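Presented below is the structure to which this report refers.
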Amino acid sequence: MLLKVDGLIKDFGGLRALDSVSFEVREHELVGLIGPNGAGKTTLFNCISGHVPVTKGKILFDGKDITELPPHQRAKLGLARTFQVYAAQGDLNVLEYTMVGAFLRTNGRTKARDIALETLKELDLLPWKERKVSEIPVPGQKLVTMAVAVATNPKILLLDEVAAGLNPQEIGWVKGIISHIHKDLGITTVLIEHVMALVMDISERVVVLDAGRVIKEGRPQEVVNDPAVIKAYLGESFRLEETR
Amino acid sequence: MASEVLLQAIVAGLLFGMVLSVVALGLTIIFGVMDIVNFAHGEFLMIGMYTGLLVSQYTGADPLFALPVAAVIGGLLGYLCYWLFVRLLLRGPMLAQLLGTFGLMLFLRNLALLLFGSEDRSIQKGILVGKSVVIFGSCVVPSTKLGAAVLAVLAFLGTYLFIEKTKIGKALQATAINPHAARFMGISTDRMNALAWVIGGAGVTVAGGLLVNFWAVNPYVGLLFTMLAFTIVALGGFGSVPGAFFAGLIVGIITEFPGIWDAISLWTGWNWMYKVPMISFKYTWVYLAYFLIMLITPKGLFGWKR
Amino acid sequence: MEAIRNALDFKDLPRSEVYLSWAVALFLIIFPLLPFSSFAMATMIQFLIFAVYGMGWNTIGGYGGQVDLGKAQYVGIGAYTTTVALIRWDIPFWVSMPLGMAISVLWSFMIGYPLFKLKGHYFAIATIATSLVLKDLFEVWGFVGAARGLHISPVKYPPPDFLRLIFKEDVYYYYLLLGFFFLAVFVMNWFRHSALGYRLRCIKDNEEVAKALGINVHWAKIKTYALATAYVSAMGSVHAMYIKNIEPEDTMSLDISVLIALMAMLGGAGSLWGPIIGAAVLVPMKSYLKEWMGAKMGLIGIDLIIYGFIIMVIAAVEPKGLWGLYERWKGKRSAP
Amino acid sequence: MKRLFLALGFLALFLALFLMEKGAYAQDEITIGVIYPLTGGAASAGRELQMGAELAMEIANGKMPELAMDMAKEAGIKSMGGKKIKLIFKDHEGNPTLGADLAKKLILDDKVVGILGCYHSSVTKAVSAVCEQYGVPMINDSSTSPVLTRQGYKWFWRTTPHDGTFTMDLFEFLKGLSEGKAKGVKPVPKEELMNLAAACEKTEWGSAASQLLEDYAKKYGYNLKRNLLYTAKSADLSSEVRSLLAVNPDAMLFASYTSDAILMVKTLKAQKAKPKLIWGQNAGFDTPEFRSTLGEDIVGILTRTVFSPKLGEVKTISTQINELYKKKAGYDLSDASSRGFTGVQTWFHVLEKAGSTKPEDIQRAANSIEIPGEQLVVPWKGIKFATSGEEPGQNIMGSGIIGQYQKNKEGQVVLEIVYPFELSTANLIYPFPGY
Amino acid sequence: MEELLRTSEVEIRYGSLPVVQGVSIRVNSGQCVSVLGSNGSGKSSLLRGIMGAQRVSKGEIFWKKREIQGLRTEAIVKLGLVYVPEQKMLFGPLSVLENLMLGAYLIKDQELIRANLKHVFELFPRLEERIYQRASTLSGGEQQMLAIGRGLMSNPKLLMLDEPSLGLSPLLVKELLGTVARLKQEGIPILLVEQNVKEALHIADYGYVLQAGRLVLEGPSSELLASDLIRSAYLGL
């Protein structure tokens, strides 16, 4: 068991964003995390990566309780993530930015550079290496943040909506990269995604969150046909029969 | 004796604090409405002080009558500053805002230096100048200070009522709380920002007009008050108007800490206390207070916004 | 070893910039041989001092995006350490300067820890506050001469004295400062390429992302702040030996902090050449405007009026400063 | 190509900037650099000094046989073939670093023969160090911190007596007061004047003055209950005054520059302070601005000084110069202007004696001149610099007086001399009338 | 049926990322139109674009046949388009009444304001009970009521509701959408953005379905309800 979330509760003021969420990610798995707007997916990521403190519950990573650790220490243990909305402002170029990730494992500039170049090559981003992150289009930025996360050499990678706003062709491209990261680099991946075409296609297992609770867990096909899931997405009284 | 000294210090601190709260009023409104820190705030105050001084000097009228003039000049200045300059800064990052208001500070300060010279100047004639009021015993208060404090409270109350009781005041508050939502109500945020600068500018120049009754003015006077105002705004809570008032009083008393120290040393009779040059730390405590407040309660006493 | 290689590695700069820097370096080296007035010399010395101050500021303020307006306190600590050490115990400059740096860095750790819990404006104002508190303290502390300050007597320490760094002619100070200046550029170049430098630039961009990449944001800021401090403190020490008369009101005034920050910001925060350009433009402008229009025409303060106005325009038009303007211009040229 | 021209243009401009800065003055003039605070908190004193110095320069360069002064007899410096003195004024704003920069510039770029200045003791200290380094003679006319002549400098001479003398005068005065020596006042028991409180500005001058008060109070057996330092630039002194009043002092002693002296008296008035004596260590307490701003509020205040128009009653030269000065400035000579005048006068005598502008000659001349008291506007026995002992370069013939502001018959406020007792021009007002 | 609002080939970008592409919708007087789509499909961006709160990079927006693209938000509000935002955007520290009065900021006529207030309290009696309470202390449902009430205070000529049911319990959703239905009955034109497909379509006359920023389906509500495409738009099947 690589990651285990146990009875996680997160309150914002009076609002309970996560309510006793428990789920597990096994090594070398690719898990999709879906759910309607406001279900608490990103909050869950923030709790796991340590960007927001949890109210109650436990997070175990690689057999270690990381609930109280600050984010940078979690990253050192091998937990990497990307962000949903992140538009770079700074003047780092793609290579330099990827090197920041590589510096987690080494302090030498040459070595970091080598790691970064290799990562960029793996993800087919080499042609962009001299360009400033803030100057490339947002879908590209998302790929770069993935590359940076991969450059930290993580055990697990949490991807937050990498395909949002991409066109089908680009989605295909991203899909390829994700499965490359997962299969060839052997990095366990958790994926938040709204683009169902992507999630359903590559996830081995899907966890559905609604209103802060896990309402369903299982293989993609199972999940989409689950009445509870459909209800969560399409509304109270929506029945499958009506649409047929 | 000790209690008299203590009382004197506290009275003086409160009176000064009342004026200070008007100094901070504009800063807290501008900050509240548009999240921008105006480092030139003290320079506006300095302009108010010169206005009070010059108007009374050339017309022979009492400096207190110069207050409306100061308010108009300050308001106008704030308005111009907003439309010509600050509006452009808002597009940039925080670094540019800091840089810009610093530039404004240097500009105004040295303009005053060019126009008025670097000498200290103070009011010589006036209804209140040179008179004192005995509150009781040896507790003597200069009438200028008392008058300024009373008018300060009135000015503060006026502004407070304007913000709390009028429609435009409410719109200003709404802009401060959430400018996007305010826009959806049909409130022009640009106009509200300008209004904040007008009120801010007028408030602080009026404070300057009050201050000049008992405080000498030179082009460099602004910085001290900028720092005092920042402390008050931090203590009262960024953007909080009533907070500014009470925090002003507290900071006023902090500046009179040497008097309190004297009272304690008289009380206890400890001679070593006389040797501590507490008077040199008059404002040091204020700066320290800012630092500590920001670390302990970043939202201040009345803050609703950070 | 790699650190030194990094420090000397300017390969990532465009060729034109490299040539230009060679030209500037050459000019700086031969400058004292040219027939200039002592005033020009003094101005150049000011330029070198402020360029190094600005480079120090640039690490935390430019690359880190933390606007620090309290650098004067470190100028003060550096200046006072060397001067006190010289006057009280006759410790030579070359020992007391590192000592001053150590004390400054220690102090920066002490106040940096709480300081960096604050962000943005709050941080900027808090740095002013700490600097003022320290200044007030120095103004009453008899050991360091209180408000009357300290004074290095030319009788007690006759020039030239290479150990204590006491010279009569400015040219000695000039070359010494030039050495420091080049060193500072190299250290800056190293910093730019070091893990810390990269991390800091990432922090400036987005702290949350930085955290997720395993960067201890608070600690990285404190470390960089210490580096900035070391720069400023070392220059403060030299500055003290140069002016030979230090007092809190002058050495530790907020004006110094503001000038340091402004020069770097105006030149271009977060770029290698920014602080140098800022100092190269502003220092001569300030002193010559002051001399011509201030002293000769009686327009007191005109230097800072123009100065302030330029800063306002730059802030409103191009937040990245003069270097930003240059880059934009270059970008426009290369775009079509 | 366009870019190259642009770059070249900038470079040319840059070089031009530097090259334009080279002062050249006519050879037939002897230039003296004068560094005074022409702006800032002590600007009014600076202007006084400047006008005094200019008046002396006019007299030295012109011919006014009606004046009983060596300086007035011939135009220019006789020993150098009638060369004229030219003063280059610079403004140090009360900032020592700026002062030192200006001195360097005067010495290296303007090639001045010597320096005069600088009022603020702190600035004088910095400037004198520069002069010492470059071996350029400096005469100080107006700084009174005793430290200045104790630095072992070979190129520094001071005409004015320092605060040691003035402070001793004060305590002698207090002592005389209890012995009944003061004109028109019955002996005051020492117990009545036992408790003193002092406030001095906190730079070089004030902190030295503060230390002297402490020392002399101990020596003379008085109780200095409070001795605080304050910032001359502060715009509000109410807590300082309250702190002084908290110890219920019999006499209040101050060392203040101009604007803070005015503020101090105003605050005393607003607080209804009523000590028996108020004494000012000159500087601020003896500027025309102090008098004109505060008017009758200063009646009864004592100040140490080196000049009072009343001196004319004993010294004709003082009256004559005062008349000339009045024509120029519109009001009487003051402490500052008379010292500035005397400073240039001393320079004249030194140059006359040296006969050349070589620093060594000037040094030799300065160490050996002796200007008799009757040539001076100030009430000193003369000017003669110590060449050995504790204070080389200090004028050993200087002395101070203590004046008191009193209202004369015409209702004007004038400075009457009350100490030395034998020079008294009026009865002492004691105790201080209060507000 | 007079045309009120029409967008034509609108494109909105966040940076270089297009979130709305070539979307044309139309609202006629007296009509309730619903815009549907899963999250991230660009519904809210579209509304914000119409309100001038989001820069529209391409396309045109007409209000009563007049081009309003490029106007400032304040000016658009003045025309009578009222937006009730997704995150409610209440003025938390102010009271319920003050919030409502700010909704009527542009109205000068005191009588009208009083009448509107009465109308709002009639629709949401619970708001009247909490009239002096701070908005931030209200429950989620009450906050949504206040947001709608505030919108109604300015006599809207078109009310744009952005996911009013978000984060509410099923019971509250029913109640709230009931109120929306009532508003429609009263003749107020409504543009409703909802996730809650079924409920929304029951109220609306016409619907548009967005997927990844593009219009994939449109038609009268009854037709949409019967369509299979809607499911694929949401669940990607």
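Labels A, B, C, D and E are assigned to the chains in the order they are written; within every chain, residues are numbered from 1.
The working rule: contacts are C-beta pairs under 8 Å (C-beta built on N, C-alpha and C of every residue); 3 or more make two chains touch, one makes a residue touch a chain.
Values in this document were obtained by computation on a predicted structure and should not be read as measured data.
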| item | value |
| --- | --- |
| Any chain that touches chain D and chain B | C |
| Interface ranked first by C-beta contact pairs | B-C |
| Chain centre separation (chain C, chain D; CA means) in Å | 38 |
| Where chain D and chain E are represented by their mean Cα positions, the distance between them in whole Å | 79 |
| Approximate Å spacing (C-alpha centroids) for the pair chain A, chain E | 32 |
| Between chain B and chain A, distance of the C-alpha-averaged centres to the nearest whole Å | 50 |
| Interface hub residues of chain B, defined as touching at least two other chains | 93, 117-118, 277, 280 |
| Touching two or more other chains - residue numbers and ranges from chain D | 39, 202, 229, 231 |
| Overlap residues in chain C, where contacts from two or more other chains coincide | 139-140, 300 |
| Which chain pairs touch, all of them | A-C, A-E, B-C, B-D, B-E, C-D |
| Residue numbers on chain C that touch chain B, as the complex places them | 65, 67, 114, 117-118, 120-122, 124-126, 128-130, 132-133, 136-137, 139-140, 254, 258, 261-262, 265-266, 269, 299-305, 307-312, 314-317, 319 |
| Touch list for chain C against partner chain D, complex | 34-40, 42-43, 139-140, 146-149, 151-156, 159, 168, 170, 243-245, 247, 249-250, 284, 288, 291, 295, 300 |
| Of chain C, residues touching chain A in the complex | 2, 6, 193-195, 198-199, 201-202, 204-206, 208-217, 270 |
| Residues of chain B defined as touching chain D within the complex | 1, 5, 8-9, 12, 117-120, 122, 124, 130, 132, 134, 140, 142, 144-145, 214-218, 220-221, 255-256, 258-259, 262-263, 266, 274, 277, 279-280, 282 |
| Touching residues on chain E, where the partner in the complex is chain A | 14-19, 38-40, 140, 163, 166-167, 170, 173-174, 195-200, 212-213, 225-228, 230-231, 234-237 |
